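Next up: some structures, all given as structure tokens.
One chain, chain A, appears in both complexes that follow, with chain B as partner in the first and chain C in the second.
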Partner chain A sequence: MTGPGPKPIEVVPSVSHRRPFRPTIKRTWFLARPAYRAYALREFSSVIVGLFVFDLIAGLVCLHRGQDSWRWWVDLQTNPINLTLTVLAVVMSLVHSTTWFKATPKIIRIRRGVHYVADGWVVAQHYLLLALFGVVVYFWLGGL
Partner chain B sequence: MIQDKLTVRVQRYRPDRDEAPYLQDFEVPWSHDTSVLDALNWIKDNLDPSLTFRWSCRMAICGSCGFMLNGVPKLGCEQFVRDYAPGPLRIEPLENLAVERDLVVDLEPFMASLKAVKPYVITDPQKPLSGPGNLQTPEQMLAYSDFSMCINCMLCYSACPQVALAVDFLGPAAITAAVRYNHDSRDQGEHQRLPVLDTEDGLWSCTFVGECSAVCPKGVDPAAAIQQAKASAALSWVAEFALPYQGNDR
Partner chain C sequence: MRQWEGRTNEPLMWTLFGAGGMLAVFTMPVLVVVFGLLVPFGGFGGAEGTYERMHGLLTHPIVALLLCLALGLVLWHCCHRTFHALHDLKLHPPEIVRSMIYGVALLSPAIGYALCLAA
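Let's turn to the complex of A and B:
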């Protein structure tokens, strides 16, 4: 068989237009969703509790330094800023502990047969332990 | 029966033409049983064949059609247009991931994370092949079965702010896969996975926001898997000091 034969296929090199777009995250990302806001509040609660602990440590230092210093610290506790901090510390302690107690069933899984103990029981055990601890501390301090 | 039309606002991005993504509106007819994936396919078939998105099974098994629907990560096949009436319904690619084209995101970083945790049963090479096999009791299966439901749809990556903030974070699904195999009685690979998990870009990048578990379409709880793995890693760290041979077998 004669003739020119089939025309060779022209190979055209492919060109990639790949240019992945990377969105940037806003600085206010923690306000974007209700779950993020709850998370931010839980994290922020530790800052307030930390400030309150700092105040208590300052009280211990003042107690160590003598009577005048101690009176100064006791007077400081009636300052409106300090009172606000104390009230906030109570609220944030509740936020912090309740949210963490609520999260405990994710870590503590107690198996009974082919089922896990219900989450509510695990959370309830933490509240029970907290109550027992509270009673022990109450009597340890001589029933106030 | 076609009931009405709804505005579907789709994010478009064609890297050869567009400088940045933008939103494009389409009017889509819908009925009671029109899924969001159906709506996208209707646009592709009738209005714009260039619209690009991933999909396959249409029944929440393949994990391909994850999108942001009005800002929330969901599977397109599992959501109905009727729940977004009267609209508009905004469809965007999964957040926190690089966009390749329209609704298609780059899967390579996730695939690398998944590969790094060795998501398969690793058996002791000393174990004789002629043994009784890998039988499991229902109790042993319970230890990992919840975590084995993951379909790698990456909705959890889209819900996790740490994926965006800590670029090299292994992420919820990859860590859950590691925990799934660590909890499997047939597996002896925990010591091989620990060096990958117990790092700053591994478990410890997780700050326990918990949204990964909230968006999971299969009821997997990645937040629980990660916190359990943190407890395990911490115990291993203690074992290094407290036990002979650093807690390993001789």
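Let's turn to the complex of A and C:
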């Protein structure tokens, strides 16, 4: 019995004609939208804060070296370059802290009975801790 | 070293990163304002007043060690993010750059502490 069976599969040379869409991303992609800019600013803040940590380590070394050395370091902080870094560091450390505090309710979920502690309270706790550290430093240094 | 096959150091790196970040958010704004702005412009008794307060306590070897560790964690956090932000700039640097950036985070507080002890 012979019949028209299935045709043998034609073997074609494997030349792909697919043209997948590959979006090109510009190096300045993070300037495109407000959300991207906020992300980029937050990541950039770590560079500035890191530079200020070098300054603080230098200050600790100068404190060890005696009063003249410490005075030199304190005077160095009024140097225009250092002052520029400090002003940037004030802004950037606040950007870093506030954006993190804003994100904390996503991570910290505290259940009280059948409800969760409100997001605002979780955020407030963080601001409270920051303020507490400020108060401790203020009184430890003997007030302004 | 079969037992290390397929292992990653990411949990360790992430722990240090997280610890540094936690320290940074609670302390850095205060430290920047106090030591960057208030003390240099005469707050807290200026250089003399703060020296009287801090010398003796902060120059204790163990306190200085803890301070260097804390500052080192914050620096580690910053270096970690700086390195990973390079990818966002479409830079994919070789491993040596990673070693250098993390090396800075490890060595700076260590050298600082050594200088403190030598002073």
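Definition applied: the second predicted complex is superposed on the first by the 105 of 144 C-alpha atoms of A that agree within 3 Å, B and C clash if a C-alpha of one lies under 4 Å from a C-alpha of the other, contacts with A are read in each partner's own complex, and residues count from 1 in each chain.
Going forward, a contact is a pair of C-beta atoms (placed from the backbone, for glycine too) under 8 Å apart; a residue touches a chain by one contact, two chains touch by 3 or more.
Note that the structure is predicted; figures quoted are calculated from it, not measured.
Asks: May I ask you to decide whether A:5 touches chain B, chain C, both, or neither, giving the answer as first, second, both or neither?
Replies: neither
Asks: Of the two partner chains, chain B (first) and chain C (second), which one does A:35 touch, if any: first, second, both, or neither?
Replies: A:35: touches chain B, not chain C.
Asks: A:107 in the overlay: touching chain B, chain C, both, or neither? Say first, second, both or neither.
Replies: First partner only.
Asks: See if chain A has more residues touched by chain B or by chain C, and give me that chain.
Replies: C
Asks: Could you say whether A:23 touches chain B, chain C, both of them, or neither, answering first, second, both or neither?
Replies: So A:23 only meets chain B here.
Asks: Between chain B and chain C, which residues of chain A are contacted by each of them?
Replies: Dual-contact residues (chain A): 25, 30, 43.
Asks: Taking the touch rule as given, give the residues of chain B at its contact with chain A in the complex, in rising order.
Replies: Contacts found on chain B: 13, 15-16, 20-21, 71, 95-96, 98-100, 106, 138-139, 142-143, 161, 164-165, 207-211, 213-214, 221, 223-224, 227-228, 231.
Asks: Along chain A, where are the residues that touch chain B in the complex?
Replies: 17-23, 25, 29-30, 32-33, 35-36, 39, 43, 103, 105-107, 109, 111, 113-116
Asks: Which chain A residues qualify as touching chain C in the complex?
Replies: Interface residues on chain A, with respect to chain C: 25, 27, 30, 40, 43-44, 46-47, 49-50, 52-61, 63-67, 70-71, 74-75, 77-78, 85-86, 89-90, 93-94, 96-97, 100-101, 126, 129-130, 133-134, 137-138, 140-144.
Asks: Flag every residue of chain C that touches chain A in the complex, lowest number first.
Replies: Touch list, chain C to chain A: 21, 24-41, 43-51, 53-55, 58-59, 64, 67-68, 71, 74-75, 77-79, 81-82, 84-85, 88-90, 108-109, 112, 115-117, 119.
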